[in-house]
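Below you'll find the structure, written out as structure tokens, and then a few comments.
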Amino acid sequence: MRRGTRKSARNKPYQIPTSAESHDAFWTIKENQQYLKEAFYHTQDLKFREIVIQNVPCLLCYLDPLVDEDKLQRTIMKPLMERNKLNVDHIVTSKEIRISKDLLKAVSGLTKGFVVFLTEGVQKFYLLEAFSADSRTVKEPVNEQVVRGSHEGFVENIMQNIQMLRRRVENPNLVVKFFKVGRTTDTKVAIVYIQNLANPDLIREVEKRINAIETDSIQTPGYVEEFIEDDPFSPFPQMLSTERPDRLTAHIIEGRVGLLMEGSPSTLIMPVTFFSFYQSPEDYNSRWYIGSVLRIIRITSFIFALALPSIYIATVSFHSEILPAELILNIKSSLENVPFPPLIEALIMQVTLELLREAAIRLPGPIAQTIGIVGGLVIGTAIVEANLVSNMMIIIVALTAISSFAVPSYEMSMSIRLLGFPLMLLSASFGFIGLVFGLSLILIHLCGLETFGTPYFSPLAPFRFNELKDSIIRLPRWLLGKRPIDVKAQEERQEWFSRRWKRNEDE
Amino acid sequence: MIKKLFHTILIVCSTLVLTSCWDQELLKESKLVYGAGFDYEENNLIRTTFVVRNLGIPVSQGGVYSNRVVSVVGSSSRDTRLQMDRIISKQLSASKNQLLLLGEEVAKHNIDHMLDILFRDPKSPLDARIAVVEGRALDMYKLDHIGDTLITEFTTDLIKGAEDKTEATKMTVEKAFRYSLDEGQDYALPYISYNQEVQSPEFDGLALFHHTTFTGATLSPMESKLLLLMNDNKSSQTNIIEALDNDPDNGFLTNTVTISVRKSSPDMAYSFQNGKLDKAVINLEIIGNIAEYPQNHLMERSQVKDIADELSQRLTVRANDILQKLQEANCDFLGIGRDMNAYHHKVWNSERWEDEYKEIKLEAKVKVEIDETGIIK
Amino acid sequence: MKTNNTINSTQLFFIIFQTQVGVGVLSLPTSLYAGAKTDGWITLLITGVIIQGIIFILYLLSNRFPSSTLYEYAPKIVGKYIAFILSLLYIAFAIATAVIVLELFETTIKTWILFRTPMLAILLLLTITGTYLAVGKLKVMGRFYQFVSILIVPLVIMAAYTLKDADLRYILPIGQNGVGTILKATQKGIVSMLGFEILLFVYPYVQDKGKAALKSATLANIAVTSLYAFLTFTTYVFFSPKQLEMIPEPIVYMLKGVSFIIVDRVDLLFLSIWIVSVMTSYASYLYIAGKGLQHLTKRKKTTGPIILVAVIALVLSLFTHDRYTIEVIAGYHAKASYFFALGIPIVLWLISIIFKKKEGAL
């Protein structure tokens, strides 16, 4: 067996430090209220309701998203107000009632959807169950489907979304801050992060930028994104937009900040790196080498989607000698009767493709399929038979399109296809030379781009070898001991030798 | 920020405007040359033959490839190339040329005259095979096709096949360039002849060169094989057939043995006299398996040894013949001069070597060992 | 909210490495052959040792003023006016180097790939990309240089692939031309390895100064020396000696005949990768010149000066272009480079030692 070298570290399971240590409740509700507020780092979804029963001031305290309003009314408020008596045990019709003096219990109870009932002058308090169990018509987001894993998706109601988060992270450190943005619309925007983990500078920066927004209306998170992103002229999305609670949670746990908005199921994550767009929550559900291979395939798809048409154009219009003698005949024979230069061919096909995609989105499912068949098969075959576009070009454009759709993020896939066009122009004018310069420009841009103080192209530039294992590939979870460094989380470790049981097994 | 956007737009626009594609050479606008040939014409003129690939109907729609053979006469290869442009539609592109055939006559002049264009042009194919043709290259290309195979592919594959069987070295334009300027080493090109009987080209050994001119001497495929073994150029399969006369008299027409060489290791030993190379001995050791031996079954180890000994003897005689041919042709195929320069630098003198090579005593000793007899004894 | 404009020691390594590896690599074997015949690759190793000495001096000089560039500490050593002239000279030198890079780049592209494209277009491509890289601050350069250095690997693999056709006898016997010739040829080697002087201008931005920085610079030198020696070696065993005299870019020529499974003409790939190396050294010199100009004009940002420098270099490079003229100009530039990479730093260092000038002490 291997001698444990890091015994001390292994025996001390770490928890994100909370200020709520075991603490006896105060006698006044004011003090208790203050304590709870601080325990939750003044999160703004912690609600208090004062009521007076038998002339004694009482306080109901609960986490708004987690509590079922109807239950709260029916089983707690109504009986208390109507009967106006303090023997809570008998009046309240909650499913579960606990009595405690320890405020820590209150804190953990709150995160589980309990309502805390405090009475002035009494140290004991009640924990009353009012958990909102129903998840109203939560559907899987259509554009981020996975094979294995959670099929939950955010909805338009911000409270319900926060509830999903709270259910996934039962921790008082999860802080929600609300902002009202938009002079006319007064839209509710919330940022969520984990106190004591997320970098305070980052939080301050996000708050600063959101507070700076002075606009008439905010309709979608896209508005906010454009107001607060670092480089508005960059072709690359600098915030990850997701409708999946599991994805948002995973990023928050790594020390990032999430942004939710009333009326929109898509949420924003910041700061993100380029490679976040190539990760899918699914990666962690499959065997790690499968996950790794999938990631490598996706990153290859990036190169394909970006450069494949350009490489082809450069090859057939400048450097045909690079093709082996056998291959060149096949390609040449397919090109023979096409009247256009390859650039025009590619443009025709790419534009057709974008048209089809755009048309298919707007139509209901079955008709969209028809469009796909008409476009893909009929136009594809006809255009070749009419000698407008060569077979080869069809193959190339189809491959490009497929590659670009392999990206798990919609905006990224669009950005890449768009970037393909200037590259095609460059290769059509200078061949490989133009292509290399074009790719270099993109790469320089990626190297220089920073979002919220995080290098965008990390861990490739700046190069961090240790982080390749959770970006380019995915190693088993127990090897990913540390969080990504570029988020500058306050605590680096995220895993403590979970497989230590293995060491004792051999004895 | 607006400024930055403006810059980006400016760059994109200027690229669009600049897209006049000065160097564009569209693949579909080009005519691919798949074979070239050079022949000697009277008055020191060169006849250049190009085999241009035709693609009338796309292959996917049932078309077939065909060749068009064009031939013109001019003073240099560039001159003929320019004439060629006048009689071939579209842009002529020789960048994928696979084969370069030199007529016997033209090869006897300095072949760099024809090849310079290939060395100099950045688009030229440096990996095209070069070969010498018995008679004229034009006549060879005029055969057009052998069976279903086009002549260019057929001949290229012939040469490639010979390379795999240790009958020829891989001689590409690049190699020809390398050796043409090498004082201490000469080369040999594959020699293609026309076989009247089967009416097709045939690989017929090596044409020995001195510097950049064909000496007129050729080696048969069998001899080439032995020469290449001596030069340590063994490729994947090498079979040596040799007649024997240990005849057990059992009614066979001939008595031969074939061995497939598994390993061969040549070793050069030099001896000097008066600060000059006097004698070079090549010790060639061949380890092989018996591939064919119909006369008898080899029950005893001694029988195998007898065959090996006789083979050694016979091959030694052959090898010495080959060396003599090399010396007569003044073709330093084995790179003895290069060896002198590298390992015995003091005796090396590049000017003197020209005459020295003919004088030295070259001797070969071949030793054959046989250790397997196939799946029967 | 931005990250600091500093580079770590790995990035310093790659900045020096990529500045050194540049346009000269293609013609290096031929120019070494002209000096030292087939022993050119040994010359290169010796050059590496000499350059190590220079790097050590540059390091000692920089380390006396760890938080300023040459432009900033020169006045402290030699006074305001001489320092002004020195700075001007360095700017001129950097611009001249950038011009040479542009010229050589253009000639190579013109002879190998784009024959008819107007050179303005080719030069504009390099200028735009290089400027964009240089204005992006040193940290971006550091990141980019580090990332693209991975491209050196395929470059080496391509070159190594040709070793299957190598004939070792071409370089034997080693040292046949005598030690004198080999040593004499080192001056040709030094020119192609210029670029290490960027240490003088990036040192204040290095996070770990002192030993770690010296280590990076040394490793960069070792890497460049071995890369160059390897490439030179492969060409020397591939071409027969007479060929080396007549082929100006042997490495590309060597790869022209190579074909991998689906790619013929590997030289095109090689040149495409080589462009990136040219771009990086070009950007480095733009940065050196731009930084100086920024210091002299007391501007806050380097963007303006760098763009100005790029335009000057572009205009200058439009004048001459045939291969032989450029070789003459490059010869003058090579001579000048001894002063800038070696002479001036040594003098400055000696003065700073004699008069005990150091950062902090006035």
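Per-chain residue numbering starts at 1, and chain names A, B and C are given in the order in which the chains are listed.
Heads up, the rule we're going with is that a residue touches a chain if its C-beta (ideal position, glycine included) is under 8 Å from a C-beta of that chain, and two chains touch if they have at least 3 such contacts.
Every value quoted in this text rests on a predicted model; they were computed, and no experiment measured them.
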{"item": "Core chain by centroid distance, with centroids computed from Cα atoms only", "value": "C"}
{"item": "Which of A-C and A-B has more C-beta contact pairs", "value": "A-C"}
{"item": "Separation of chain B from chain C, taking each centre as the mean of its C-alpha atoms, in whole Å", "value": "42"}
{"item": "Averaged-CA centre spacing for the pair chain B and chain A, given as whole angstrom", "value": "63"}
{"item": "Centroid spacing, where centroids are CA-atom means, of chain A and chain C in whole angstrom", "value": "44"}
{"item": "Where chain C touches two or more other chains at once, by residue number", "value": "113-114, 117, 121, 128, 259, 264"}
{"item": "Residues within chain A bordering two or more other chains", "value": "318, 321, 323, 325, 429-431"}
{"item": "For chain B, residues that touch 2 or more chains besides their own", "value": "18, 23, 96"}
{"item": "Contact set on chain B toward chain A in their complex", "value": "1, 4-5, 8, 12, 15-16, 18-21, 23-28, 30, 32, 34, 53, 55, 58-60, 63, 65, 93, 95-96, 98, 123, 125"}
{"item": "Touching residues on chain A, where the partner in the complex is chain C", "value": "201-202, 205, 318-319, 321-325, 327, 429-437, 440-441, 443-445, 447-448, 450, 452-455, 457, 460-463"}
{"item": "Contact footprint of chain B on chain C as seen in their complex", "value": "111-118, 121, 128, 165, 167-170, 172-173, 176, 238-243, 246, 256-259, 264"}
{"item": "Complex interface listing, chain B residues touching chain C", "value": "11, 18, 22-23, 96, 122, 126-127, 172-175, 177-179, 181-185, 335, 338-339, 341-343, 345"}
{"item": "In the complex with chain A, residue positions of chain C that touch it", "value": "1-3, 8, 10-11, 109, 113-114, 117, 121-122, 125-126, 128-129, 132-133, 136-137, 140, 142-144, 146-148, 259, 261-265, 268-269, 271-273, 275-276, 279"}
